[in-house]
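One chain, subunit A, links the two complexes that follow: it is found with subunit B in the first and with subunit C in the second.
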Partner chain A sequence: MLEVNNIDVYHGNLQALWDVSLEVGEGERVSLIGANGAGKTTIVETVSGLLTPASGSMVFNGVRLDKEPSQRVVRLGVCLVPEERGIFFGMSVLENLELGAFHKKSRKVKDETLESVYGLFPLLKDRSRQVAGTLSGGEQQMLAIGRGLMSKPKLLMLDEPSLGLAPIIVKNIFEVIKQINRSGVSILLVEQNVRIALGLAQRAYIIENGRIIQHGDAKDLLSDEQVKDAYLGTG
Partner chain B sequence: MNNWKQFSINGGILVLLILVPLITSRTDVLTWLYLTLVYIALSQSWNIIGGYTGQINLGHAAFFGIGALAARYIWLHFGLPLPLAVLGGGLASMIFALAIGVLVFRLKGIYFIIGTLVLAEILRLIFYTILPEADVMPMKLLGAYSLVPRYYLSLLIAVITVAVVYWISRSRLGLGLMSIRDDEDAAEASGVDTQRYKLLAFNISTFLAGLTGGIYAYYSAAFRAGGLFEPVWTFDAVIIVFVGGVGTIAGPIIGSVFFVLLKQILSLYLPGGLHVAVFGVLFIIVVLYLPGGLIELMTKFRKRTSAGDQ
Partner chain C sequence: MMFGLVAQTFINGITIGAMYGLIAVGLSLTFGVMKILNVAHGEFLMIGGYIAFWLFTRYDIDPLLGLPLVAIALFLFGAVFYKILFSGLVKFHEEIKMKNTLLVAFGLSLIFPQVARWLWTADERGITPFYSGGSFPILGVRIGYVPLAGLIVAVVVILALHLLLTKTYFGKSVRATSENYKAAKLVGINVNRTYLVTFSLGAALAGLAGVLVVMTQAVVPDMGMAWTIKALIVVVLAGIGSVGGAFFAGILLGVIESVSAIFMGPYTVALGMGIFLLILMFRPQGLFGKA
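What follows is the complex of A and B.
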């Protein structure tokens, strides 16, 4: 479904990614894990069209993504729920959600999608008139995911959805992510919390200093001595 | 019910404003209303780019000036009918905005602010240099000068500007613009073509600023071209929007009424130009302690009184 082949990405003159390749299959749950500053966010931002790779290619369902602007990428069915949620604080919850369905294809089915988002997050329905800036952190994350779903994505990329949230809320949110995946949406998850990430994903890639150093089944990685040592602190 | 009430209040005010010249011929009243309407149009047009889109354009004077100058030339010097001239002024501003829009929106944040400010300053200097003579209305027109048609033109443009902002605030365009204001990267990630939307907001805003310039071209007996590009045109609009309530429809209207009233009173009692300092202080106070402007103050007050009723 998504194929990223040997991309190099720069922030200005600084190279952030070296020769990164990865794949997300239809209906699959994949995690990118690694320390702060390893390049995880850069990868999903590049896929979503916010950054342009200097070399390499990205293909989504047979369409080249690497030269497309992000509004085209969204229309093709790839949506990023950005780090720190990127909520529009001055707008109401409903306006935020409507903004998610900004392109024509998703706008046509906006009302149905809205109902299904409210089904996943009933709380958003109760708060639909409230200004988004007054929501709690967990509610904002739900809103960010809901807004992402409004674009009717085939691939949903989530950047650090657990950031700054209480464990019980993180658990809830990851339950919903699984539910979204069951409805046929592929998931590409960026997470610092390796245990949760590997718990959710079927496969994972480990990023270090802008390179993919290891990838495999999430279960295998969970029991891998090196991974345990470096990321789980139980070695 | 509430909508209906709102609608009849607005309609009532509009009818009253239309009737004013029939009720009174006092020039001070008409001038005061005229000024208020011009400021409504000017600040409301800035509100689109600055308030709704969050792009602090400090070169608004440039578009007011181009509109005024183009309208004056089309009307007085080419001798075309006034409506065409005013429309031409708006279009001239918009065309200029189209030409430089791609350029200025390469700048972000503080650089955008500085860039637009410099742009208006450059035009001001150019026009003081190439058109140093005052542009005076011919004697024939001055002899027949009446405030009433000027007043009606300002009313028309103010109504158009408010209507456009009302439409934007409820449209998909407005949704996109507000998302850019709140978080441009997240807007981009949500599929908003941020560059295109910013340009669109810029063009609408400058077109309306150009129309407002057209009112001034029709009103002013004499002006120097450079004076149309003075920063005061920008800063009056910015102060009104922030004092009234940034990114709202009613804010610039209330701000304009308040601004003109205060300006008239202050200039009576304070020595020349000192009222500007008062506005500066007022602006700082509002930004620091009342970021929602007078509108916020009014809603708070209304909530408190209605809570007291219950």
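What follows is the complex of A and C.
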């Protein structure tokens, strides 16, 4: 479904990614894990069209993504729920959700999608008139995911959805992510919290200093001695 | 006697303030959305005034009927200049973007007056339609037809802009871009197009203000910078990002200037600058802005 082949990405003159390749299959849950600053966010931002790779290619369902602007990538069905959520604080919850369905195709079915998002997050329905900036962190994360779903994505990329949230809320949100996946949406999850990331994903890639150093089944990685030492703090 | 004078001046201040509000809303919009300070904003007002002057003297089109034509002309004008000069610069990071666009806009504010001198000479130009001297009394205060029309136009335009920004998908995309352009891109908004339309809209608003100015005062090629500064004072007074706030702040400045002119004469201009400094020192987020 999504194929990233050997991309190099720069921030200005600084190279952030070296020869990164990864794959997300239809209906799959995949995680990118690694330390802060390893390049996880850069990968999903590049896929979503915010950054352009200097070399390599990205293909989504047969369409080349690497030169496409972000609004085209969204229309093709790839949506990123960004780090720190990217909520429009001054606008109401409903306006945020409506903006999620910005491109024509999703705008047509806006009302139905809205109902299904309210089904996943009933709280958003109660708060629909409230200004988004007054929501709690967990509610904002729900809104960010809900807004992402409004674009009717085939692949939903989530960047650190657990950031700054209480464990119980993180658990709820990951339950919903699984539910979203069950409805047929592929998931590419970026997480620093390796344990929950590997708990959710079927496969995972480990990023270090802008390179993918390891990948495999989540179960295997969870029991891998090196991974345990480096990321799970059980060594 | 004194009360009558103050009341009359108060009314005059409101009508002048409506023009301040209109010019400021355009500047506030481009600054809020794109983080570009368009110091050539007043030049768009000047050009709008001259276009209305041409429409009136050459084609006998009443300035009030010519308003939509001027708005469309300035919208296209703004779009062309944005595309050629600014679109390449907005891709840069905050500081580089700010500096470079400021330089380009300063350049424009030098070039436009010179071009205006070639086209229209340095003489003052004004428009006096048949109803321009007319007025009617209310409670001992005389209200001129032209200033009243100007006020109504300004209020209608501001209301329309407010509805555009709050009720339409396009308006919401403008506000979203203004708040968080990265998130706006991620929901699928074409941010470059939003920038283009916003800049053009700002130019059109300035052009509309220009029509009101050419009807009530006069236009000269060098007037742009003074209006840019006026707009800047109002924007600082109001705080960034509030359409209604900028309009009310404009009226407030107009009234303060007019009424204080009774007591301070020519020093009212300094009063405006004084307010500018005081606001920056004690309430930098503006009267209606959020901290």
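The definition used in the following text is that the second predicted complex is superposed on the first by the 235 of 235 C-alpha atoms of A that agree within 3 Å, B and C clash if a C-alpha of one lies under 4 Å from a C-alpha of the other, contacts with A are read in each partner's own complex, and residues count from 1 in each chain.
The working rule: a contact is a pair of C-beta atoms (placed from the backbone, for glycine too) under 8 Å apart; a residue touches a chain by one contact, two chains touch by 3 or more.
Nothing here was measured: the structure is a model prediction, and the numbers come from that model.
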Three-chain arrangement built on subunit A, subunit B and subunit C clash or fit: clash
First, second, both or neither for A:179, with subunit B first and subunit C second: neither
Which superposed partner A:223 touches (first subunit B, second subunit C, both, neither): neither
Set of subunit A residues, in rising order, touched by both subunit B and subunit C: 48, 50, 69-71, 74-75, 79-80, 82, 86-91, 95, 98-100, 102-103, 107, 147, 151
Residue ranges of subunit B touching subunit A (in the complex, touch as defined): 172, 175-176, 178-179, 181-183, 185-193, 247
Subunit A contact footprint on subunit C (complex, rising order): 169, 172-173, 175-176, 179-180, 182-190, 192, 241
Complex contact set, residues of subunit A against subunit B: 48, 50, 69-71, 74-75, 79-80, 82, 85-91, 95, 98-100, 102-103, 107, 147, 151
Complex contact set, residues of subunit A against subunit C: 48-50, 69-71, 74-75, 79-80, 82, 86-91, 95, 98-100, 102-103, 107, 147, 151
